[in-house]
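In what comes next, chain A is part of two complexes: it sits with chain B in the first one and with chain C in the second one.
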Partner chain A sequence: MVVLLLLGIACKEKPAGEASAPSGGALIGAALSLTGAAAVYGAQQRAGIQAAAEEIAQGGGPKLQVLIEDDGSTKEQGITVFQKFINRDKVSAILGPTLSNTASAADPLAQQAQVPVLGISNTAATGITDIGNYIWRDSLTEAQVIPGAFKKAREKLGFKTAGVLYGNDDVFTKAGYDVMRKTLADQGIKVLDTQTFAKPDRDFHAQLTALIGVKPDVVVVSALADNAAAIVSQARQLGWSGPILGGNGFNSPAFIKNAGAAAEGVMVGTSWNSLSQEPANQKFLEAMKKRGVNPDQFSAQAFTGVQILAEAIKRAGGKTGREEIEKGLGLVKDLDTPLGKFSFTPSRDAQHDPSVQQVKDGKFQIVQ
Partner chain B sequence: MDLFLAYQSLIAFVGINGLLALSVYATLCCGQLSLANAGFMAIGAYTGALITQHARGVPFVAVLAASALLPAIIAVPLGLPVLRLRGVFLAIATIGFGEMVRLFFVNWDYTNGALGLVAIPQRTHLWTIFLALAGALYLLGRLRGSRAGYALEAIREDETAARTMGIDTTAHKLAMFVLGAAIAGVAGALEAHLTFMVAPSGYGFGRVVDMLVQAVVGGTAAFFGPVIGAAFLTVLPEVLREAGARLGFAPGPFRLFLNGAILLVVILFLPNGLVSLLRRRRAA
Partner chain C sequence: MGQQALNGVFVGSIYALFAVGYTLVFGVLDILNLAHQAVFMLAAFAALLLVADAHLPLWAAMPLAVLFAGLLGILLERLAFRPLRGRADSNISGLISSLAMGTVFEAIALQIFGPDTSRFPHGTFPDRLIRIGGASASLLQLCIIAISVVLMALLTLLLARTRLGRQIRAVAESPRAARILGVNVDRVIAAAFFISSSLGGAAGVLFALAFNSISPDVGRSVELKGLAVIILGGMGSIPGAVIAGFALGLIEVFTVAGFGSSYRDAVSFAVLFVVLLARPRGLLGQAAAREA
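So, the complex of A and B:
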């Protein structure tokens, strides 16, 4: 009884068809993790999306109304938000969700309902775009970033052996490690020792002592930003002066801030070149500065996501139906974005050039 | 119809969380604070997902049966020693078991470690969930007023006194522990086949706290109390999402804050749970 009553209340509060698209515009849903474990990324994404929507409206592009909802970093809420977008708000397309886990749980619903989804931060190699033809993403997978980054780092530093440290209880860092292991093997670099840690860990002395003890040429780390800062600081304290290669988790201003001087020299592959002088990137940087947000890869990818949807609508002749946007997405090619010239691969994944950056004087600098 | 489609997953989660709250209630009703159920849920979810992915053609009923059976079997050798512990010590020991299960799946390469299993076919329907929920409710409802039910109540009130009266306390406690494990296992399998994926991060300590809070907020004085609590706490965030949007709040932490505040008010003013509201009305 009470269940029905509660649902009754829940339904009554929701007048149907309240959020219909404005005439001549497209309604886009964005499922972001604004609370919970991934809230740091969600906040950046929200800023990027809002900035892009404004930018496009001012530039005379197709009108986009973006409906942002919080998925609480959980797959349950992600699913609920997706079904609300699809069946109640009747959005033309969906941006997100922030986490790959949530994407593998929620994206199949959009595929079933034939609503195009554009992932703006999902980096898991499998289980995202292979869900079906309505699932796209503008985020490079680890497998697209890490091999290039390692190759460039090896040209600069010339290492032959490595010690590896990774977080094995997190999706991001475990997926990153899987690619690192394969890359190291492919490039003929010998792994002398592999150590693991868990997200709640704060003390990494035991693992680092073991790694430094085998005297590798380079230490490779796959960790989230807060762990990464602690790992790098403690490695320097233990006297490790050699090079450190980081995974995707290092791509955050928070990493440099927390690690301080210890971060100097750390190299990491990235899908966003923050120093790019291309007009598209300068426009993005300016828009974020206006909002008082220190941009990172996540806001850049979110900004790009909105640009791609606008371009898809343009290519579909200004039509904003789900089918038209789906077709339009397939026609997006060489679009100028903060990420560089953007196209999709045949498997609907992102295709643009990744770059390698290194911390110098407390800032990420691009390695040429 | 659109409204139903938009919220069908929410209704499904109400049912699944109801099952999970009942699984905690199974041990709670004989006074045992066991927090092993996220672990049992994980075992059920992985068992079901692996069978579905590797043995095509196995009927879903059989998958669910296996997902109930394996946690139940594991619960026997686990329950025998840990149910000797009382109160907070039992809670700590069972939390330890839950963490063991989670770490097992984090380190098991066959199931992709922390990445989990993806692309699990969707086989759970609303009616499967609510049939399972009705079954669990029927089972626990029938216990009330039965010989075993009285024995469980006696154990809850005073375990030593119950034993001196000739009640086999160990057998009764173990039976409820195993029942709770089986219900949690089924709920895990139902969820895995609803959300297309399983990953160890979904079965951490936080998950079992959610189950416990739902059971307590609903009220453990009545066997259906936990289901009410689960429904309330599952629907509340979505109601607040809507209310927040209409009041002009940006989506974000505000919703969590209100959620916590309402939870606090319920616990303060209805210490016996939401079911005490029904009782009060009946008495008036």
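So, the complex of A and C:
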């Protein structure tokens, strides 16, 4: 408990609330996981948001002032950050929070206060946008990405049986598992064994040994990047040389960095096609290169989130009130973004085409 | 089956090594040193610094990190335990002050290394797979088991055969009687802390190497396990801690494989509960004989 408190203090000491765009214009709050289990994503999202805000300001778009706060990858701190944004900073809209787990707890506060929230990485199929009409997201759900990814992977690898490992104490990894189970059943792939783990776990030998023991054609994993790297390394250590299919949590350069050579060949569905030649994507890649950040799906989605808010303000006639932005979000259609042509579904979820990528020579490469 | 047993022995060896140091201090002082897990963590970070920043080879970094942990133990004893010794309720106040020191150590690590997971650079330990029957283990895992067993054997020898060992046992029996017989009690206690923390530090370095993941809260994951192990083995009993450490590792692995990860701690602590019902002093506990 004491340690938690200290952790809280330590986090506060970091530059809380970095403003990126020039003052004036719409005040946007961004709740990102800059520390904790999802810190690898939060750092990417911060880079994407700052790059987009700068880009839009230079391009003569609406002025956006972005306040970035750390949600610590936890529900508790996420709620605190949301309360600060809504009541103290009086922001016009909120980006984030990073994890679906946190969103399921913090978003209802915004819904109640009628502050529009745009999730930029929440992929749990249920429990996010169905919180209410003020909750939007630009991230495809696992249910939109995984079926396509598995189909493509099966064409390439031709597997018939699978062993499944997932984190059962986190909304995101559990939701990913639910989609995986359904997808495997739909595609007629037999699940030989299913194992679970918890977020703080470091040792996965027992689960992996059990999975490898039933000799599946493929191992399917739903985990956050930190756990994912450990799982993949330990699976290779236990002699598993077969293919590994990952959930959205694998979509991070940090996963490859931490897993090293063990990551080679791992396949994962993604909502961002890094090879897209569309001008919107090229512009994003250039902006990230200028900042010296290795772009990934999370920074692309964060970048897109700021673009969408700017577009919503534009569609609302340049007004930056909460109600106007909420109306403007409903008018966003076929917006050119790094993710492709972007629209919302009637249920305020994202709509665009997903891709599949595979780790090759220490890098994610799009599978054509 | 063979692979799972190997997995269990592997985790168990780290638990046992951690718990042996824990229980040594308890045997001598009748005080739980709740900063033991923080020493475990700091030793892991020390090894990381020596390998990643000072570019020392692992075989040189590990003994240095263990030595560092031992010195931390002496520091801990001077700051958290010695000033309170001889007071009326030094057991409870020592417990609290060690908890405070543990928290301070964690906060220091948090300031220096940040809350994120740190890792040893790739290739710190050669990646080699070895097949034993139907099971496969990495060279690292086998080395970890071997180092743990050797360290525990050395400790047993030290306690049974050396002058210092005899003194430690004498102080454990009765500090007053030991003092009358001319034993320098303060020095013996400091030595016990040095040994205890060195073993805890060694466990920390091995744990960090095994799972290649170090964060300021890494000790928390073994703290409770260590406590369970020393209670299961009998408070203060070194062989008890060794047996219980391996037992807990095996129970955990087979529970995860058989029932799922959600039941791991439930089953481990249910076993602890049942053992305590049957043998209130733990498997090899003998505290009652020492009351006089």
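Keep in mind that, in the parts below, the second predicted complex is superposed on the first by the 335 of 368 C-alpha atoms of A that agree within 3 Å, B and C clash if a C-alpha of one lies under 4 Å from a C-alpha of the other, contacts with A are read in each partner's own complex, and residues count from 1 in each chain.
Going forward, a contact is a pair of C-beta atoms (placed from the backbone, for glycine too) under 8 Å apart; a residue touches a chain by one contact, two chains touch by 3 or more.
Just so it is clear, the structure is predicted and the values come from calculations on it, not from any experiment.
Once the two complexes are overlaid on the shared chain, A:301 sits clear of chain B and of chain C alike.
When both complexes are overlaid on chain A, the residue A:233 reaches chain C alone and has no touch with chain B. Once the two complexes are overlaid on the shared chain, A:92 sits clear of chain B and of chain C alike.
In the superposition on chain A, contact of A:320 is made with neither chain B nor chain C. In the superposition on chain A, contact of A:251 is made with neither chain B nor chain C. Shared-chain residue A:202: touches chain C; no touch with chain B.
By the touch criterion defined above, A:168 reaches both chain B and chain C.
In the superposed pair of complexes, A:35 makes contact with chain B and with chain C alike. Once the two complexes are overlaid on the shared chain, A:270 sits clear of chain B and of chain C alike. In the superposed model, B is the one of chain B and chain C that contacts more residues of chain A.
Touched by chain B in one complex and by chain C in the other are residues 2-3, 6-7, 10-11, 35, 168 of chain A.
Across the complex, chain A meets chain C through its residues 2-3, 6-7, 10-11, 35-36, 39, 168, 195-198, 200-203, 205-207, 209-210, 213, 226, 230, 233, 237-239, 258, 260-261.
Remark: chain C residues 3-4, 7-8, 10-11, 103, 106-107, 110-111, 114-117, 119, 122, 127, 129, 131, 136, 138, 141, 210-213, 217-218, 220-221, 252-254, 256-257, 260-262 touch chain A in the complex. Across the complex, chain A meets chain B through its residues 2-3, 6-7, 9-11, 13-14, 16, 34-35, 68-70, 72, 75-77, 79-80, 83-84, 86-88, 101, 104-105, 108-109, 124, 126-127, 130-131, 168-171, 173-175. Residue ranges of chain B in contact with chain A, taken from their complex: 2-3, 5-11, 13-14, 103, 106-107, 113-116, 118-119, 122, 195-197, 199-202, 227-228, 231-232, 235, 237-239, 241-243, 246, 250-253, 255-256, 274, 278.
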